[in-house]
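Next up: the structures, one after another.
First chain A sits with chain B, and in the next complex the same chain sits with chain C.
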Partner chain A sequence: MLVTGAGSGIGRSTALLLHQLGARLSVVDRDEAGLAALCADLNATNDNGAVTAHVADLANLDAIPDLVTQCVDANGLLHSVVHCAGIQAIMPLRTLQIESWRKIFAVNTEAGLVLAKAMSNRKVYAGDDGAIVFISSVMAQAGSVGAIAYSMSKAALEGIARSLSLELAPRRIRVNCIAPGFVRTPLFEQTEKLWDDAARKAVENLHPLGFGRPEDVANAVAFLIADTGRWITGSTLVVDGGYLAR
Partner chain B sequence: MEDFLIEMAEILEEDSVRESDELNGFESWDSLAALSVIAMADEKFGVNATAQDLKGAETVGDLYALIQAKNAA
Partner chain C sequence: MLEHAAGPINYLLITGASSGIGRDMAIALSDRYRLILNGRDAERLEATRQACATPDRHLCWTFDLADVHALADAFSAFLVTNGACVSDFVHCAAMLKVLPLRSISIGHAQSVINTNVLAAMELTRLLTRKSVNHKALRTIVFISTIASQFGAKGFTAYCASKAALDGLMRALAVELAPEVRVNSVLPGGVRTPMTEHMYADADIGARLTRDYPLGVGLPSDIIEAVAFLLSRESRWITGQQIVVDGGRSVNISA
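Take a look at the complex of A and B:
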């Protein structure tokens, strides 16, 4: 299995859980220190499966096929890809720059598609019961001030997943998204710093169950990847503490 | 300072702005503009400012001073 964005937040929790469940993992992040910390924790917990770490910036889309080849060389053919890597920047319309939104789109969206293309190749795919999970967001379905680029990137990801699921069903690769609400991650904390207490409380109140934890999303990833998700494809699992229920 | 004024002009939807300009004199000085300043301070200057921090600012120059002060802290 390949997990992107594994250096922190949802990706890190996902890698820890999948490893605990016995997966052979290739973990990817642009943050070398984050990956090193993850690997130290993985090695400390148990020896369930082999882990290889790859430092890469997924904004460099052309380098992704080689990255996937390296993962296969190091850890065998791929059964699953979980694309957790994501970036966000608060950019209201009046300051939105083409270059900035393309960077967000490249990492959040296009990298997921390139990964799926590489993973589904017969020389890379392990051959049966494969799964691809993209981490989307409630922002794919609900708007938020300053989140235009992020919303665009995640809504596109869900569109990609639906068509991909149809193309890859004959290869027995399921493709799904998970749409988390606000989860306490470094990315979230980066946004949270921009709020005052009232703004923070207002956002928390949008979640009837409060803010989420990375493990809440990791559990959903494991469910979709394992046999428990065998009849689920082309869908988005909302894991949001009730954010979208309103 | 020059880069900051260019950024502020974009946020305030003006051709140019001066340090002494009163923020309340701009039609576009609203909560979205404040959010844009916070995002700009983070992205361009590596400074974490909050909406609360911005409340004391009366002029464009006050915002610059705020960012500089936080940058030095």
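Take a look at the complex of A and C:
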């Protein structure tokens, strides 16, 4: 299995859980220190499965096919890809720069598509029980000032998953999204710094179950990848503490 | 969970447990939960109980949920008699009769709404009363259908009832948080004894296979999603519709 964005937050939690469940893992992040810390923890937990780490910036889309080949060479054919890598920048329309916007779209969205394309290659895909999970966001369905690029990138990811699921169903690869609400991750803490206490409380109150933890999303990933999600494809599983239900 | 001889015991209530997905769900979850099985037919309900792991741990509550006026009294009496509380509730019971609009009577539509929606609301109302259920309730899962999102000929009362059930689910999720989580599972067409004749028909069978990108679904596929929503692994999921349909609803050409 290949997990992107594994150096921190949801990706890190997902890698830890999948490893604990016995998966052989290739973990990818642009943050070398984050990956090293993850690998240290993985080796400390148990001896399940092999782990290989790959430092890469997914904004460089052309390098992704080679990256996937390296993962296969190091760790065998792929059953699953979990695309957790994501970037966010608060960019209201008046300060929006098209290059920053494109960077967000490249990492959050296009990298997911290119990874899926690489995985579907016969020399890469293990051939059965395949699963692709894209980490989307409640922002795919909701809006927020300054989140034009992020919102769009995640909505597009869900669009990709719907049609891709139909194309890949005959090859027994299921494609689904998970749309988390506000989960306490380094990415979120970046945003949180911009708020005062009252603003933070106001956002937390939008979640009937409070803010989430990375493990909440990781558990949903495991549910979708495992045999428990055998008949689920093209769907978005919202994991948001009730945020969108209000 | 610790059980005290004097205190009430926590159960998982499954309605519609005498047949189809409800029956299979009861059997599949009977090694993890103590069950209260609800259905209309005492004999078939007892057959489900006997098929469960350690039948003696489980209870049968025979009651027709269409009778929503008598429901609250009947079920609270049942809980008292058995020293039982309900920590988890899966509403699986549903009436489905394919009828064109012109053949639907208001009486029929009302019993569909009663069984499919109002019984779920009435049971939830009862189970959130401290005097009846001692704040034991933690998770609720409603079995809806992807037909709550789309139209189909002959499904007016059923589609309306299931869309209402989804709305009820969201409202309850918000009102009962954070103590209780409430979600729906939306299955596509699943192969069960009730639908077996459709899959046996060559034409319908071919269409069902074509329309479902991942092929025919089984009750176990739905039960896995329910088990996930009942578990701690989903502790931050509430107010959601989990679609389990083999890709049917994203397939625009079906």
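FYI, the second predicted complex is superposed on the first by the 246 of 246 C-alpha atoms of A that agree within 3 Å, B and C clash if a C-alpha of one lies under 4 Å from a C-alpha of the other, contacts with A are read in each partner's own complex, and residues count from 1 in each chain.
The criterion applied here is as follows: a residue touches a chain if its C-beta (ideal position, glycine included) is under 8 Å from a C-beta of that chain, and two chains touch if they have at least 3 such contacts.
The structure presented is a predicted model; accordingly, all values stated were derived computationally and were not measured.
Q: One more residue to check, A:G229. First (chain B), second (chain C), both or neither?
A: A:G229 sits against chain C, while chain B stays out of touch.
Q: Touching A:A169, do we find chain B (first), chain C (second), both, or neither?
A: In the superposed model, A:A169 contacts chain C only, not chain B.
Q: Can A:V145 be said to touch chain B (first), chain C (second), both, or neither?
A: So A:V145 only meets chain B here.
Q: Looking at A:I90 after the superposition, I want to know if it touches chain B, chain C, both of them or none. Which is it: first, second, both, neither?
A: first
Q: Which partner does A:R122 reach: the first (chain B), the second (chain C), both, or neither?
A: In the superposed model, A:R122 contacts neither chain B nor chain C.
Q: Which of the residues in chain A end up touching chain B in this complex?
A: Answer in residue numbers: 89-92, 94-95, 145-146, 193-197, 199.
Q: Along chain C, where are the residues that touch chain A in the complex?
A: 170, 173-174, 177-178, 181, 213-214, 217-218, 221, 224-225, 227-228, 233-240, 242-247, 249-251
Q: Which of the residues in chain B end up touching chain A in this complex?
A: 7, 10-11, 13, 28, 32-33, 35-36, 38-40, 42-43, 48-52
Q: Which part of chain A faces chain C closely enough to touch in the complex?
A: Residue positions touching the partner: 162-163, 165-166, 169-170, 174, 181, 208-210, 212-213, 216, 219-220, 222-223, 227-235, 237-242, 244-246.
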